[in-house]
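Across the two complexes that follow, subunit A remains constant while its partner is subunit B and subsequently subunit C.
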Partner chain A sequence: MADAVFLALSVITIGSAIAALELRSLIYGSIALMGTLGGIAGFFLLLDSPFVAMFQLAVYVGSIAVLILFTVMLVKRELIFKKIEDKRRKFVGIALMLVFMVALGSVIMDSGIKTITTDEPAVDFRSIGADFLTYYWPALILMALILTGSVTGALVLARREDVENEQRTD
Partner chain B sequence: MSNELIDFVLVSVALLGIGIYGLSVKRNAIRMLFAVEIIINAANLNLVAFGRFLPHSGGQTLALFSIAIAAAEVAVGLSLIIVAYRMYQNIDIADFRSLKG
Partner chain C sequence: MSVIAPNFKFSEFVKSLLDNVFWIILIFSLIGLPAVQVILFYIEMPVIDGELLTPFLALTWLADPSRTLPILKAFMTTDLFRIAAFPGFGFAALIAAGTIFIERKMLAKLQLRVGPFYCGKIEGILQLMGDGLKLISKEIIIPAKADKPIFWAAPVIFVATAAAFVALIPVAPGWVVADVDVGLLAVFAIIGFFPIITILSAWSSNSKFPFIGGIRALHQMVSFEIPLILSLLGVVILTGTLNLSEIVVSQTNFPWIIFLPIGAIIFFITILAELERIPFDLPEAESEIVAGWLTEFSGMIYGLVQLGTYLKLYAFAALFVVLFLGGWTGPMIWPPFPEEIITDGIVMGPITAKIPGLPVFSQEMLNGVVWFVIKTMGVIFFILLPRGVFPRIRIDMLLSLGWYKLIGLAFVNIFIALGLLYAGVLGPGGIL
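Moving on to the complex of A and B:
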């Protein structure tokens, strides 16, 4: 059975996931999203994988959430506080969510996953580093190229062409 | 270890359901990006949980790759939202109509 730390973490994670989607202000929503990402990092710590937890904290809470926060601040103020959604779609969306949860949950509860437990020690993070540099090195290089390309593409996309000439004359 | 695999999988299912709700109901582009982030995190939680209970290092390795690719996706998605906001002065995806024939 689950212990108290797990229950507290799941309440924080799921509650702030709902808050991120439902809070009226986008700024508070992105701060609640930070709570969700931090809660997932806590789950990673419970699963004895501190390396992935620290990676999650550094990449998600440290950079992605702050990037989203800055993008929200670039948007007009009345758009930040306006809720844009279809009233008709809301009930259909809630029904779809409940159908997904109940169907997937009952399938999983009936499957053999329920009986899986382990007494073996956790995977050492040194073996992850060894895997990265031996078996997965082409994937690691490809990932670095994809990251470079996507960040360059994002900068090119977000560039403003109309102010470029003014800056050149300065 | 007192927590079982089924607990983590059920939390992941709940996060997936919340993300699907957000993607289907919200029309705000930034909130839809929030929902995509929540779904990606549910997938990562599944990867690490199954990797812990096998136990095998492949789950954590794949989760690390997934986190890095998600960072790239968010950078491109946010810059697309900024470009669309500059063109339409709005972040409602029902207004982004120039591809709609």
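Moving on to the complex of A and C:
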């Protein structure tokens, strides 16, 4: 059962990743990207971590994919894309991807992932929270600072003082 | 003189009826019965009263009304029943239908109109059925340059997503379709799908008004998702769990709305915005942009979108009940099942009918369902009420409300929850 689900998820994830790269229509490409991200959430579910899976869905599919869709819909694609059709570039790209995949695969195979036991109970999200607040607290604070900094930066960049008086805010 | 059927002959009418009966019996006995047997052979049958339910036994029992109850009870424990009928789709669709009728009647009363009146004799009670039949029989018109696959798929996915949301709601103790450990996170993940479906369907119809409505819906939903999630964190902090059933069980003594009223109010306002209801119905502002992102939908596609919208309304109201009003908890008002019917059977004069398998539902379950439905209908009433009272607000007011006021208030709510927790009043090991 798990093997069949794993195969189906792999086909969905890799297939929609290729589709996201190859499709001419930008909207369909971003929908395919959503399929990839959702497939990764499925992998997390298979790996007994529903907490991460749900966050993958909520953050990547629910927010980032929406952002990409929104941007794509508001853009005139003729302005930013020039067609560069080059057979050699394509084959070099595929070869580069294969090299990367083999390298990553050998690293992962050497890392002892084969010894992981399956059919364990789901990872308790309370222990994730406890770990974050005790052992990994410097990482948590660093992440919080980076996020706060980027949000503040986005607000500063988005601020336009010239139009503020024209809009009624009451 | 015109008659409806000039060549009508009664004998031929009877002959056609008999023909139909003959063919039905023939087809049923040659194809239907073997098909039923084959299906029953492959389905894993339950063990009832100590004997395995074989297909032959099942058919015999189905013919005997006094022995069908155990089969029904065995069927009610299956996943199919939960998904399709009771805590899942059927129950939610029933409440959604009731909601549509109540909304139309109540809005009419608020505006000194009559509302649906003629269909079904009593206060237009069959109006919804008539509307459904009309929608099914209407033609589905697709705009000329629409993106057909997305245009067709979006309403179906919309209903499916709303149904997935409904599946997470616990209705009575143990009666929930998907009792997941991270239920509230799953709710957040599912809510995130609605803006995508909306904007895709709006884009795919290749028309101006839907696209404007879709962009507005996207703005509104994305900006109100953040206070929605933040306002529920108070409950999570106090209960220490994300499982919705455990959150309900934690409210046996008092509902969380007593301690977190600010969170409840924020959540209610964000519900109104996520459901695109007045005063936040900018995405389908019918006086400005025809019908917003629903403009190009017609026929049953429109019906599906409406069904999804009302399923979503039920799910959000039920989520409010589960998180803040105590779900199915409440004093026992359902009378206990009479003992003598179980022991002696039903006595009607000289006839005594002993029916095995009673009672079908336990008293706690029925009581829980009654309380849950009462509370949910109350919340739905308060969701419907602003439609008769408030005007629509401007989009800049909407966004500033979402981004400044509600998010700030949500943080206040979180700090109240933390204060209650660290003061030792509530939560794990609290004094209450």
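We take it that the second predicted complex is superposed on the first by the 113 of 170 C-alpha atoms of A that agree within 3 Å, B and C clash if a C-alpha of one lies under 4 Å from a C-alpha of the other, contacts with A are read in each partner's own complex, and residues count from 1 in each chain.
Convention: a residue touches a chain if its C-beta (ideal position, glycine included) is under 8 Å from a C-beta of that chain, and two chains touch if they have at least 3 such contacts.
Not measured: the values here are computed from a predicted model.
Asks: Which chain makes contact with more of the residues of subunit A, subunit B or else subunit C?
Replies: Counting contacted residues of subunit A, the larger count belongs to B.
Asks: Just subunit B (first), just subunit C (second), both, or neither: which does A:Val66 touch?
Replies: Second partner only.
Asks: Touch check for A:Phe51: first (subunit B), second (subunit C), both, or neither?
Replies: A:Phe51 contacts both subunit B and subunit C.
Asks: After superposition on the shared chain, which partner residues are touched by A:Met34: those of subunit B (first), subunit C (second), both, or neither?
Replies: Second partner only.
Asks: Given the touch rule stated above, what does A:Met97 touch, subunit B (first), subunit C (second), both, or neither?
Replies: first
Asks: On subunit A, which stretch or stretches are contacted by subunit B in one complex as well as by subunit C in the other?
Replies: Dual-contact residues (subunit A): 51, 55, 63, 122, 125.
Asks: Using the touch definition from the top, list the residues of subunit A that touch subunit C in their complex.
Replies: Residues of subunit A touching subunit C: 27, 31, 34, 50-51, 54-55, 57-58, 61-63, 65-66, 69-70, 73, 122, 125-126, 167-169.
Asks: Using the touch rule from the top, collect the residues of subunit C that touch subunit A in their complex.
Replies: Residue positions touching the partner: 147, 150, 180-182, 185-186, 188-189, 191-193, 195-196, 199-200, 203, 218, 222, 225, 240, 242, 396, 400.
Asks: How about subunit A: which of its residues touch subunit B in the complex?
Replies: By the definition above, subunit A touches subunit B via 1-3, 6, 10, 13-14, 17-18, 20-21, 26, 29-30, 33, 36-37, 40, 43-44, 46-49, 51-52, 55-56, 59-60, 63-64, 67-68, 71-72, 74-76, 79, 83-86, 89-90, 92-94, 96-98, 100-101, 104-105, 108-109, 113-114, 116-123, 125, 127-128, 131-132, 136, 139, 143, 146-147, 150-151, 153-155, 157-158, 160.
Asks: In the complex of these two chains, what residues of subunit B are touching subunit A?
Replies: Touching subunit A from subunit B are residues 1-11, 13-22, 24-28, 30-31, 33-35, 37-38, 41, 44-45, 48-49, 51-58, 60-61, 63-65, 67-76, 78-83, 85-86, 89-92.
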